[in-house]
Amino acid sequence: MNSFGEIFRITTFGESHGEALGVVIDGCPPNIHFDFEFVKSELKRRKPGQSNISTSRIEDETFEVLSGVFEGKTTGTPLTLMVRNHNQKSEDYDKLKDVFRPGHADFTYQQKYGIRDYRGGGRQSARETVARVLAGAVAKMYLKSQGISIQAYVSQIYNIKLEKEYTELDLNQIESNIVRCPDPEKAKEMIALIEQTKLEGDTLGGVISCICKGASVGLGQPVFDKLHAQLGKAILSINACKGFEIGNGFESVNLKGSENNDAFFANDDKHIGTKTNHNGGVLGGISNGMEIFFRAAFKPVSSISKQQDTINISSENTTIQIEGRHDPCAVPRAVPIVEAMTALVLMDMLLRNKMYQ
Amino acid sequence: MNSFGEIFRITTFGESHGEALGVVIDGCPPNIHFDFEFVKSELKRRKPGQSNISTSRIEDETFEVLSGVFEGKTTGTPLTLMVRNHNQKSEDYDKLKDVFRPGHADFTYQQKYGIRDYRGGGRQSARETVARVLAGAVAKMYLKSQGISIQAYVSQIYNIKLEKEYTELDLNQIESNIVRCPDPEKAKEMIALIEQTKLEGDTLGGVISCICKGASVGLGQPVFDKLHAQLGKAILSINACKGFEIGNGFESVNLKGSENNDAFFANDDKHIGTKTNHNGGVLGGISNGMEIFFRAAFKPVSSISKQQDTINISSENTTIQIEGRHDPCAVPRAVPIVEAMTALVLMDMLLRNKMYQ
Amino acid sequence: MNSFGEIFRITTFGESHGEALGVVIDGCPPNIHFDFEFVKSELKRRKPGQSNISTSRIEDETFEVLSGVFEGKTTGTPLTLMVRNHNQKSEDYDKLKDVFRPGHADFTYQQKYGIRDYRGGGRQSARETVARVLAGAVAKMYLKSQGISIQAYVSQIYNIKLEKEYTELDLNQIESNIVRCPDPEKAKEMIALIEQTKLEGDTLGGVISCICKGASVGLGQPVFDKLHAQLGKAILSINACKGFEIGNGFESVNLKGSENNDAFFANDDKHIGTKTNHNGGVLGGISNGMEIFFRAAFKPVSSISKQQDTINISSENTTIQIEGRHDPCAVPRAVPIVEAMTALVLMDMLLRNKMYQ
Amino acid sequence: MNSFGEIFRITTFGESHGEALGVVIDGCPPNIHFDFEFVKSELKRRKPGQSNISTSRIEDETFEVLSGVFEGKTTGTPLTLMVRNHNQKSEDYDKLKDVFRPGHADFTYQQKYGIRDYRGGGRQSARETVARVLAGAVAKMYLKSQGISIQAYVSQIYNIKLEKEYTELDLNQIESNIVRCPDPEKAKEMIALIEQTKLEGDTLGGVISCICKGASVGLGQPVFDKLHAQLGKAILSINACKGFEIGNGFESVNLKGSENNDAFFANDDKHIGTKTNHNGGVLGGISNGMEIFFRAAFKPVSSISKQQDTINISSENTTIQIEGRHDPCAVPRAVPIVEAMTALVLMDMLLRNKMYQ
């Protein structure tokens, strides 16, 4: 439920306005140099209040290492990372106690458990992803040492879409703008649109693309834990994600078999590749050595400041107007979360694969 | 790896041309009337050779109950179902021993394991889905008793697309034609296109839509085992599936928050619903009582009869021309598989939810 | 690895001299009243420095609730409990950096991981059991509400053995003495022996007996997760535990089938029981409604102040003399740990059993 | 429930008088030579009707490989082994339909599931261990290639006890007699006693000792999956097992710390060992390179031909006299089952340990 992964297995905990959020990583290999500054920088990428297109809410995200690191290295015992909650204006949320916000999980949590921590969304809050980014940063440390990199970026906001493929883009530009789009022109348009939508009290969704380079052949487990199935689950479990496609995904439907198949070829040095990569680096659920890429759709943020019809806890019709500082568009902040979940999947598959070595 | 589900946990086994394919279901509730004829009819829906748009290969799919049923009822012990392989013309496949088929998992299996049963694709063959359909049929028996139904249909083949929503369609028409499309006009077009493509020696992909009715509020587990994340994994694990979206999925990006949010309302009898259902029946990963629906993209079948560039097991460039009887379009036959995987997810979530009752 | 249980699943973390020790409980039912004082009292029972027969080391065991409790009740989300480490005299342990203590896991951890937190034994320290007692206390809260009680006591220290069966003892006397033995006379002898052994710089082991009352019929899962198999694993996983037996255990070998079988009988009100209970409340791995009881052997504490032969990290022969404040006999302090692990098993089995209800 | 192991994960299925018994092994490494004759010989060791001290019931135990082996080697895909049931005289068992046998799981299964296959004990029958022996044989193939051997023997039947340690015995003698005791004199006494007890219509239990040689340092996972905790669970899950102890187990209570600690020493070639092995090759739950040994207690067979008091399915008092061909003592036949379960644990731990390599 709150765990993910088989060998590199994380368990996350914490509510938006509880004491703390954190993660226990069980199965972390020993002797990894724990790069404190890198974890900090990853957390910072996720943090709200980074720019005028994100929420102005300030969250302190100082993290602590509670266990599993000794003299700067992982020990193979459970590695626990935690962030305390500080900026908790719980009183803001008292009005949400008895009314269910449309698009949120207030109603479903209440019905499932008969109780919920309604302050800031409690466990359903996107603040839970702090724990994912912490764990993902640890996975990235290891993957980097194995020559594997993961880069995600915003490829669409509402109707503004990157037409170029990732191979035509300069991925070094991703972090150069606040919307995390590697095309500077499109980035400007996206930012302008988000700013305008914010004024309207409305919100926007978008698409994130993600590219993994350096993965060797053999990652992924048949038949249920296929690499892209596990990636799909990982990404779809992120708040607001509604769609996932590997390689050319839904577009593959518009090609015939003879067009869609990726022909193999061997270089003079017997290195094997495919001429095209419609399959996104995965064949039969196992990585084939090509770049792994996928896209994910994020719906617009459900917290809008416009008045909405809804019901209350007594099942009566009412209206709600959500106040507070919310993101007009959370997609740019979801970029490091997509990377983190991807890192967790690759890390787990890499360790699972050791059995065959 | 070859298991799926937490409480209702299936483990499948078998190769395309090995002795048998089967499934062990651990965690099946006792005292379910085992409907032998229903399982048979579900298997038949998946079977090749059903029509001239599927492969003419005949596969005997007589199944046996090896354990877990006593006097016509499940006993709560492992329920094992098995189908023997009979129509094994393994010699047909000898030429595939040393050459990797583009789009298939020959290469990735060989690299991962250093060995593979190359006859008919071995474990990577879509014949493995026989086991999924068997298990799904058992899940469906139970779900039916709980008032839950699952219906999938073909909503797109190549460029022929159903424009109507599922609410505007007569889902009783799905099984009335060989392409499993509830719109008879579109069905005819699809069939004609598949027949023509077959003549060309090429293949087509498509989209399957799936609707679940009758699911109560509360199915799905935060935060990683969200209902749609688990559905996504289940569906993406089906051979040739490249994309998954819940509710309006990628389309949700084209709506603003105020348009995409589903307003709650209460009836006079305090029954709660949402005015729209853009979220596809899931909020925060938990079912909200509305219909659950999703779409999945299937790439065109990789086995084409046209000549293709590829490599052999010695990493040399070569070409391949695949013979044998293959599906020009496997999407219609994937319909019962999509339903089976969906049933497995709902069944597991239903049992997991018992903890809260 | 560091998780235990299927439905009520705990993950513990922390090193003896790291920042903190704690536990995340995933799958805790919602709406349990969280009895803060009860958890505190359970922790206190495990605490060192309770008496002159335990170590004089003082450990602060103030615990914090980090997540999963809202307005005094569990919410169904991960429940995290943590104790900070304070009394860390790490310098005491510097001499253990390069020398392996006999009977301890210094050597095996070092060999397995290539690194270890040697301060106070790190993760192998019995201080880890703080987390088990915390989790066990939560399980006990729930079990109590279901009418299930668990009571463990010391039934043997070295050669001083309780000859009476638990049915002949007054279990209310257990906590009346520092050795946790319900027979006051034997308790005195045990205490005297421990005190004398302490003066000798030596240590003692013993046996703990445990009785569970109120468990209904049906707990335990065939065939591998039998109730007593899972209890065995749980108890054997406690530091220094070397043996486990359910019911009359090894003694059953001295009876013939006709003597050992427990005859069933029905009361006038159709309540079913067995005339004897040699099986310890378990038949075929499933509770039969009788009292569940078992015994566990604990070896003497490995930390003795006498000089011992050993090796160092360079694989050279050397000697070691362990200083510091160690328990001459840890068995009395293991009593609440045995209860905690038992509670975790029963809790998990109780929730697993809900599927059949 | 019916699965065991994390990486080398087996799932068993089947009832005593159902269609078949079998096991799916998921996570079996590829490219292991599958030694058909070895599996056959292991099955034969477990088989009833081997001698006049076991049941005269003949069970056909011809096994089939259903999947996972190709051209004589494992492929890394699920390996399924199955034995058909043939000698099913179900009518013999009709009288057991409504009466619960003392010492058996008839009552607990019926209460838990509300249904049971009463023929021959159904799933609770010791015939289920056929599947364990099949899986264990596969594990043994691999372990052997790693230089690890497992040998179990009968060290006690009723009051006839081997006084010698395993180091003083010739383990090659184990299979030289039908009681599987390496001391020929004691073996004769045991056989005579069993024969006499058979005439009395009664049954006997005993103790099995098991020795594992060649295991390297590092097997076992802290803190819950300690090597001896997992072995304890594995062995306690075998039918009729009531106690388990590692190393000197309950005897360790009779030693002081200074006597019980195993001093380390290094040879001239820096090979490390311990001077004694009271801990049975495990320190802190991790193998230390010494021989791993343990003992397990088995209660006398519950099926006796003497008349017994019991109840029927309507909760009425009645008596039962069990007919049919039952083992007067099942301990010798449990020897290969103990070895199989041990092999499964070591195999799983070996594969888990690959993460650290």
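Per-chain residue numbering starts at 1, and chain names A, B, C and D are given in the order in which the chains are listed.
Throughout what follows, contacts are C-beta pairs under 8 Å (C-beta built on N, C-alpha and C of every residue); 3 or more make two chains touch, one makes a residue touch a chain.
As the structure is a computational prediction, the values presented were derived from the model and not from experiment.
**Q** Among the chains, which has its CA centre at the largest distance from subunit A's?
**A** D
**Q** For the interface formed by A-C, which of the candidate pairs A-D, B-C or B-D is equivalent, sharing more than half of the contact pairs by residue number?
**A** Having compared contact pairs by residue number, the answer is B-D.
**Q** Can you give the whole-Å distance between the Cα centres of subunit B and subunit D?
**A** One centre to the other, that is 40 Å.
**Q** So how far apart, in whole Å, are subunit B and subunit C when each is placed at the average of its C-alpha atoms?
**A** Roughly 47 Å separates the two chain centres.
**Q** As a quick test, compute the distance in whole Å between the mean CA positions of subunit C and subunit D.
**A** A distance of 26 Å separates the two centres.
**Q** When you check subunit A against every other chain, which residues touch at least two of them?
**A** 1-3, 12, 27, 30, 76-77, 112-114, 123, 222, 356
**Q** Of all residues in subunit D, which touch subunit A in the complex?
**A** Against subunit A, the touching part of subunit D is residues 7, 27, 29-30, 76-77, 222, 351, 354-357.
**Q** Hey, which residues of subunit B end up touching subunit A in the complex?
**A** Contacts found on subunit B: 1-4, 12, 100, 102-105, 107-109, 111-114, 123-124, 128, 156, 158-159, 197, 202-207, 217-218, 220-226, 228-230, 232-234, 236-237, 239, 242-250, 252-258, 260-266, 270, 272, 274-275, 278-280, 283-288, 297-304, 306, 308-311, 315-317, 353, 356.
**Q** Can you name the residues of subunit A that touch subunit C in the complex?
**A** 1-3, 9, 11-15, 18-22, 24, 26-27, 30-31, 64-68, 70, 73, 75-80, 82, 112-117, 122-123
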